[in-house]
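Right, one structure below, let's go through it.
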Amino acid sequence: MDTMPWLTLVIAAPLVGLPVLALWRSISDDAARWVGLGSTLVAFVVSIGMLVTFETGQAGLQMVSKHPWVESIGLSWFVGVDGFSIWLVMVTTFMFPIAVVASWKVDHQVRRFMAVSLFLETVILGAFLALDLLLFFLFFEALLFPMYYVIGVWGSKRRVYAATKFLLYTMFGSAFLLVGILYLSVQAADQLGRPTFDLTLLEQVRLSTEQGRWLFLAFFIGFAVKVPVWPLHTWLPDAHTEAPTKGSIVLAAILLKTGPYGMLRFNLDLFPDASRYFADAIMVLAVVGIIYGAVVAMMQSDIKRLIAYSSVSHMGLIVLGIFAFSAEAIDGAVLQMVNHGLSTGMLFLVFGMLYERTHTREIAELGGIVHATPWLAGAYVIAMLSSIGLPGLNNFVGEFLVLLGTFSVDRVLASIAIVGVILSAIYMLWSYQRAFQGPVSARWSSLPDISWREGALVAPIVVAMLWIGLQPAPVLERLRPTAEQVSQRLIDDAPATDIAADGPAEEAP
Amino acid sequence: MIDVIWLAVALPLVASGANMLAGKRFGGRGAGHRSGWVATAAMTASFVVALGALLQLLSLPAEERTQVVTVAEWIRAGAVSVSFDLRVDPLSITMALVVTGVGSLIHLYAIGYMEHDARPWRFFGYTNLFCAFMLALVLADDFLLLYLGWEGVGLCSYLLIGFWSDRPEAASAAKKAFITTRIGDVALMLGLFVMFMHFGSFEFDTVLGHEGALPEIATGTATAISLLLLGGAVGKSAQLPLHVWLPDAMAGPTPVSALIHAATMVTAGVYLVVRSHALFEVSEVALTVVAIVGISGALYGGLASIGQYDMKRALAYSTMSQLGFMFLAAGLGFYPIAIALLVAHAFYKALLFLASGNVMHGLDDEIDVRRLGGLRLDMPWTAALFAAGALSLSGLPPFSGFFTKDAILEVASHDGVVWAYVLGSLAALVSAWYIARLFFQAFMGERRYQGHAHEAPALMRIPLVVLAAGGLFAGIVLAFTPEGRLATFLEPTLGHIEEGHAGPSTATLIAISVAVTLAGIGIAWRLYRPANEARWTSFPEREPGMSAVLGRAFYVDALYGFVVGTIGLRAGEALSRFDRTVVDGAVNGIGRLTTWASGLAPVWQSGRARRYALSFLAGGAALLLFMVVRI
Amino acid sequence: MISSPRVELWAILPVLVLFAGALVALLGAAFSRRSDQAPFALFTLSVITAAAAASLWLWDREPVNVLQGMASVDRLTVIGTLVLCGIGAYGTYLGFHYFERDDLRRNEFYALLLFALGGMALLVAAADLIVVFLAVEVLSLSLYVLTALTFRRGPIEAAMKYFLLGAFASAFLLYGVALSYGATGTTSVQGLARALTGTVGSQSLALAGALLLVVGLGFKVALVPFHMWTPDVYQGAPSPVTAFMSAATKVAVFIAMIRVFAVGFSALRWDLRPVIAVLAAVSMIVGSVLAISQTDVKRMLAYSSVAQAGFVLTAFVSPERDGIAAALFYLIAYSLAVVGAFGVVMLISGGIGEQTHMDRFRGLGRRRPALSLLLTVFLVSLAGIPPTAGFAAKVLVLGAATTAGLWPLTLIGYLTSVAGAFFYLRIVALMAMQEAEADDVADGSPLPQIVLAVPAFAVVALGIVPGVIVPLLQEAGVLTW
Amino acid sequence: MRTPIAYFLVLSAILFAIGSVAVLVRPNALRIFMGVELQLNAVNLTLVAFSRMHLELDGQILAFFSMVVAAAEVVVGLAIIVAVFRRTATTDVDRASVLRG
Amino acid sequence: MPLDNVVFWVFAPLSIATGIGMIVVRSAVHAALFLVVNFFTIAVMYLLLDAPFLFAVQIIVYAGAIMVLFLFVIMLLGVDQGAGTGERLFGQRTTAVIFGVAVVVELATAIRAGVGFATRAPEGFDSVNAEGNPSALAEVLFRDYFFPFEVTSILLIVAAVAAMVLALRRSKAITQREIAGHAGDDLERYALAPPGGPGTVGGQAP
């Protein structure tokens, strides 16, 4: 066991710059930016340390550290990493510096902006690494306010509405999650003799079938809002659209992942029987989300809204993969979480650059941009191609694995879901055609092309995309053992009687 | 050279990367811009690698002519394990040579053609990238890697059709091409899923069996896989019913049409079917469907071609028709002939496209045959080259078309597949008809265009000459040279094809074939000879009767347009409205309801203390009521 | 002959200190001609400090009942007194600032505040229903006058409503005492407990008595449907008074309720639980929903305090150690935040004119970053968003409810806090996300901001390490009798 | 004593209710306050009755305290009502409704 | 019929009647007088319940002092103040009566279940009042209730201070500033944006 408390360091790393930002009130805007960037880079470096320490080929949790925090109620600082969380952590630390630089041009309340960003990063990292349910919930809820603040203060016109909707909607979901967590811990207290929120202990709590199902639903609703699973998705387009570029990147690339991650980490782990019971229904919801998100995306006239709806579609695919339970599908779903972070993050990033130039999100007002800013458009095309799952780029690998894994479980659903592949091409290319191609209008003909700063932002993402697209092995081999273990628990260890489950539970636990 | 076959893919890829990232800095102006030369050099080098591999292959005994080169691992997850394995065998090397050979020539031509373009490096970047993907496709030893190439070429096709994306029709056509083929791709992907379910692998050896041994698989599963693969092939090769993108794709630069939409990419479907023939053969149904798709494509494409006035569109439908012949051949089990036609077609169709490219180059992109005419006067080279291509295509002996296309009919007759022979001959008649028509209308008669059409520069003629040579004589070479006989060469991959002996004798068939071709040319002459010019140049935009049906290609495109553009859009709008009003409406409705309830506060919280006291008393009474109930 | 009673005055030293201080302050107010209030404020603060010190001195004592069973001295008392002293100190300072700035001579303020605080401290220690009743009266009468202290129309009206309804509620409270007495023959909390566990005779009278006590005390802590005075009074009263009473009254009365219901009526807990659960749920829902449409910040906070009271009551469904600890923690978190929030509102609203309409807060984030940051912290805590004490408090309270098997209450609780997030953060949104319109009347003097930064810090600190006080509260939750 | 103790208790309850109704039906602050006084007296009756029932004096003591409280409340209450009257020239509580909503 | 029963059945209806009378009469003065009679009937009840001391206190404190204070204030503020009996709050009276009756029924149920309607008080109160009711009371008061008794002293001080603060304030202690700021305050300040009302601070809510 490595003696370095890597995970705690990772979680704490973004906070390095916080005291500076908090206390030095007259800090210049530029200095604040650099402090912000520096802190996120520190976090990235530390997370690389974690990645190096991570032992490939192990399914279980690693670098676990556990310290009691509020002993009286059973809360502990319990963090650990496994094949699922490690890449989400990496995406987080990777995308945050980019998001920070992407908002280099934010010009009011820079100090506050950076401080909120750093806090947000810490909280998100905490959510990915926490193994204590209450600790997780703490982080899960703590990311609401900074995000709310980012959208509300630095967003565009309807920002307050969007921020509020985001906050209330996700808190609504959390209500169910909290009830579930508390209920579970009460059961644990009954059975283990002391209150605890420790995931590894809660796994051992015996639940009746009904209890398991209700708890599953409580957890699921909590996460489904964050994902978002259709039909709980309508906060997303508003939040995405109104958020500043950085907010959109963080929201799309990282924040949404807490939902499927929660399902993977908690729902499947704590309630395997209930997971099997509900899997079909959830997969149907996921497929509906895939198609629905894509069709609605097609009809959007606002590019950020379009990308947001495409997220609904893509996230549906991730949920589909998680609840297909096969090893390939879970591999794919986790990989897809990373991929979606990269590709949608990049879409927002590049569109954000464009927005800085044009100040419009309306497709109808754009057009012909490609001729004025070929490099920028090229970057957008790469992100777009990644998003529609072109082989050789990252999304394809995940998408393919999810669909293949799903196909082995349910052919009909997989065959419907795969239509999403066509639809994604339609909405992406159609919007690209209208916004970027066609005759260049005089209004846009003199837009400056991509700058060095912007290029430096795009390049690492493109490299990461190609890398995952062509050599996903380093990623997959670290998450594969974990996925296989989970898949095995769900598929192979299923009790024979459980398959023929009776009707839906009627009474509350 | 086999060991380094990956170079064949890597060279264009590197050149492409270099061109796209730094091509602007390569220097040179116009045709002298070095980006084009870099691209052509990369292609040529790639060709040399492929040629070397061929020679090395030929030096091996026939049974060892399948070599697999592992480059790197790609995906390993769950039970999935896929590597970047390249397969060098007679079939793949044939395809690779076509791609690199014809590709090199077209690149060379494009240097001239693109000389006025503002950003040639981007063009060459894309075409190089295309070739890299196409080579990955044909050299793949694994269906998933093939799929990588498959989607990759689709992407490049998209980029290149939309190269002049300031033209709305180009952007639109690019999108249409990508999406339509993607429908096929999805079928292909589903096919891969079923394949994986059954075989647990995507490797050719596992799926298709070794050494001609058929894979062990139930007929039903084989049918499913085969038909799904065929779905992919139909999309990529523009066969019915996914053909609508190909004519529109002519909005791209002409070298692109020649390279992608005639010589290489569109033939990927044929390659796929031929490559997977082991699966198809398990299922009678699948093969029959392939043949039916083929013959209907051949007829449909040919007839539609007759109705086109846009030269490139006419050639596009012609391509579709020719591809139909290839599918017919594959469906009947004559894989070597399908490949032979593929090779020959690559030559003469590229030639025809490039020749029409010369016309456009010389005439400011004029391409409507009603406004051409008499081009032989100003552009003798081009006219001659076009004629060579036309002759090859029409199937007159001793040119390629005869040894390939008519070979199909001949073998079909020998095998006793009468319907294929009859319909095929009809399609052959139509082929001769449309290609002759095109030549007569564009090159014969008097000039109907304004100004002077200048002949293309040498740079744009030399590749055409090579192609013409190939187009005219490839057939005979491939059919008769003792060592080079394609069917023999391909045997290790495709197995030996026994010819039947049914029907009329070969000589009779040749006679009929020649007669049919001549009849086609005759019809064309009768209808389109310069003397009848007035009949077809004076048509208004919408022609009456049959020509309109042909010109609109039987209204299939219009039907799709209606389904997608009207019904699809309406449905999308409806769903979007549903999302706004119902799904989001419910959310906002809850918010509004709460706010409304909150707004009720002043009704009771009226500031009147007595009201407060009343609610107090009511609360007290209610609590006491609980006590009463409890007792 | 009358046998002399045992007079363990040391046990209620904090209360005595406060009342003595109040009398001295009263005399001072009567004889002082000076308009300078600083000596009064300093004196009051030192009295409160002395009371706090006295109660700290009691910390390590064995829990005892003193004064013929009229008062209890245990850790619950000590913690309650300390919290009350803290709130009282802030009330004093805020009041001083409020009156001083507008140059109003309100020297009685200090005496009345000390009387109220003494009454509250007494209530916290009360172990007999009659003492509960008297202490409630002491604090109420003081608060009625404090509410009216600026003698403007609003405060006067608020005072009258508060008084009339308060007297009405007193009658119910007294009736509850009477019925409890009738049922058991005693009014001491421990006597009640003993009598009720022993016999089953007069359960119905005891239950009726308990319910009327809920009504009477529920009025003081503003539970629905006994809450309707709250918005009017909180809005009408001068802000420092509102800050003081919104926090201190709830702390004192809830602690008294803990003693009365967790000890005295513990035998009836299964009968009372549904009532408590329903009252808690209704309070949370009504308070949260009605707060949404408010446009006056003080009024909004008043409605929200109704919901907060519902949360505290939620912990009562599990009246064991953890439930009590949760309720105490919630009260502490709430007090810190609400005192701070009303304090900042007082500063922003610009003196005695009390311009507390929401528009006043528009765009304040730019012009008054420190004030708006403070208010944001307080509001975020009230909304129960981590990493603030409000979140920890909610988790503890809802955990207690879940432990009691009432998970629907947990759900309702958190769902109402969603609504809570809406109206609390609306202020944050106004401050941070909107441009300023109205002229700025805010008071930017640094000292009050520094003073208010302390609870803000505490709110965050308790949110991160609630563990520092939870064990103490759990000790306090062990009630011996 | 022959009268059942419950009679006194029920009488007390009736008087308490009358007091409550008196609070609710008259807008005059003074008459509202009279209602409260009636309520307190009703409770006193209950206390004394219980005292009799339990054969001890605690109930009477409680009633005594209650009277003191009532007296104190009257002092404060009347002072507030007078103060309101001086400010608004009415003792009608329904008119005092600037605070609402 | 024993005497105490007779007395009860005479005074109990009288008590209820005067209570109702207090509610229904128009004049506040009459209401106060009804209340005085009511207090007197309650005092009689105390007598029946063997509480002679409280009987005396009831008459002296309530009927004597408190009600006189009430009457004094009524006269001070004007006899006709708030005399309007018109129902200005919709349904207030009816609902009040319904809930009043409900409370009576509920409490009676509790009393019946807890005490029983036929239960008579045990004999032997004489021994409790052995040395006379006042002195027995005093003993309990100053022994067991010594502390609450002290608290009542605080309560009375608070009441006195309260009355003083409230009463004295108007005459002199208003500062100049208070008067200056008087003009625009009150109604506008506290009214919550009634539609078209006199300008609320800062305009309408967002």
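The chains carry the letters A, B, C, D and E, assigned in the order they are written, with residues numbered from 1 in each.
We take it that a contact is a pair of C-beta atoms (placed from the backbone, for glycine too) under 8 Å apart; a residue touches a chain by one contact, two chains touch by 3 or more.
Since the model is a prediction, treat every value here as computed from it, not as a measurement.
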Intersection of the contact lists for chain B and chain E: C, D
Other chains in touch with both chain A and chain B: C
Most widely separated chain from chain E, with each centre as the mean of CA atoms: B
Central chain (by mean CA position): A
Furthest chain, CA centroid comparison against chain C: B
Between C-E and D-E, the pair with more C-beta contacts: D-E
Centroid distance [mean C-alpha coordinates] between chain C and chain A, Å: 42
Distance from chain C to chain B - Cα centre to Cα centre, in angstrom: 77
Chain C and chain D: spacing of chain centres that average the CA atoms, whole Å: 26
Rounded Å distance between chain A and chain D, as computed from the means of their C-alpha atoms: 63
Multi-partner residues of chain B (each touching 2 or more other chains): 601-602, 605, 607-611, 613-614, 617-618, 620, 624, 627, 631
Chain D residues counted as touching two or more neighbouring chains: 9, 16, 19-20, 23-25, 27, 29, 32-33, 42, 49, 53, 56, 58, 65, 69, 72-73, 76, 80-81, 83, 93-94, 96-101
Residues of chain A whose C-beta touches two or more other chains: 168
Pairs of chains found to touch, sorted by chain label: A-B, A-C, B-C, B-D, B-E, C-D, C-E, D-E
Parts of chain A lying in touch with chain B, wherever the complex brings them together: 165, 168-169, 231, 233-235, 292, 295-296, 298-300, 326-329, 331-332, 335, 368, 370-371, 374, 385, 390-392, 396-397, 400-401, 403-405, 407-408, 414-415, 418-419, 421-422, 425-426, 429-430, 432-433, 436-440, 470-473, 476-477, 480, 483-484, 487
Of all residues in chain D, those that touch chain E in their complex: 1-11, 13-22, 24-31, 33-35, 37-38, 41-42, 44-45, 48-49, 51-53, 55-58, 60-61, 63-65, 67-76, 78-83, 85-86, 90-92, 94, 98-101
Residues of chain B defined as touching chain C within the complex: 594-595, 597-599, 601, 604-605, 607, 609, 611-613, 615-616, 618-620, 622-624, 626-627, 630-631
Parts of chain E lying in touch with chain C, wherever the complex brings them together: 106-107, 109-111, 113-115, 138-139, 142-148, 151-152, 154-155, 157-159, 161-162, 165-166, 169-170, 173-175, 177-178, 181, 185-187, 189-190, 192-193, 200-206
For the chain D and chain C complex, residues of the former touching the latter: 9, 16, 19-20, 23, 29, 32-33, 36, 39-40, 42-43, 46-47, 49-50, 53-54, 56, 58-59, 62, 65-66, 69, 72-73, 76-77, 80-81, 83-84, 87-88, 93, 96-101
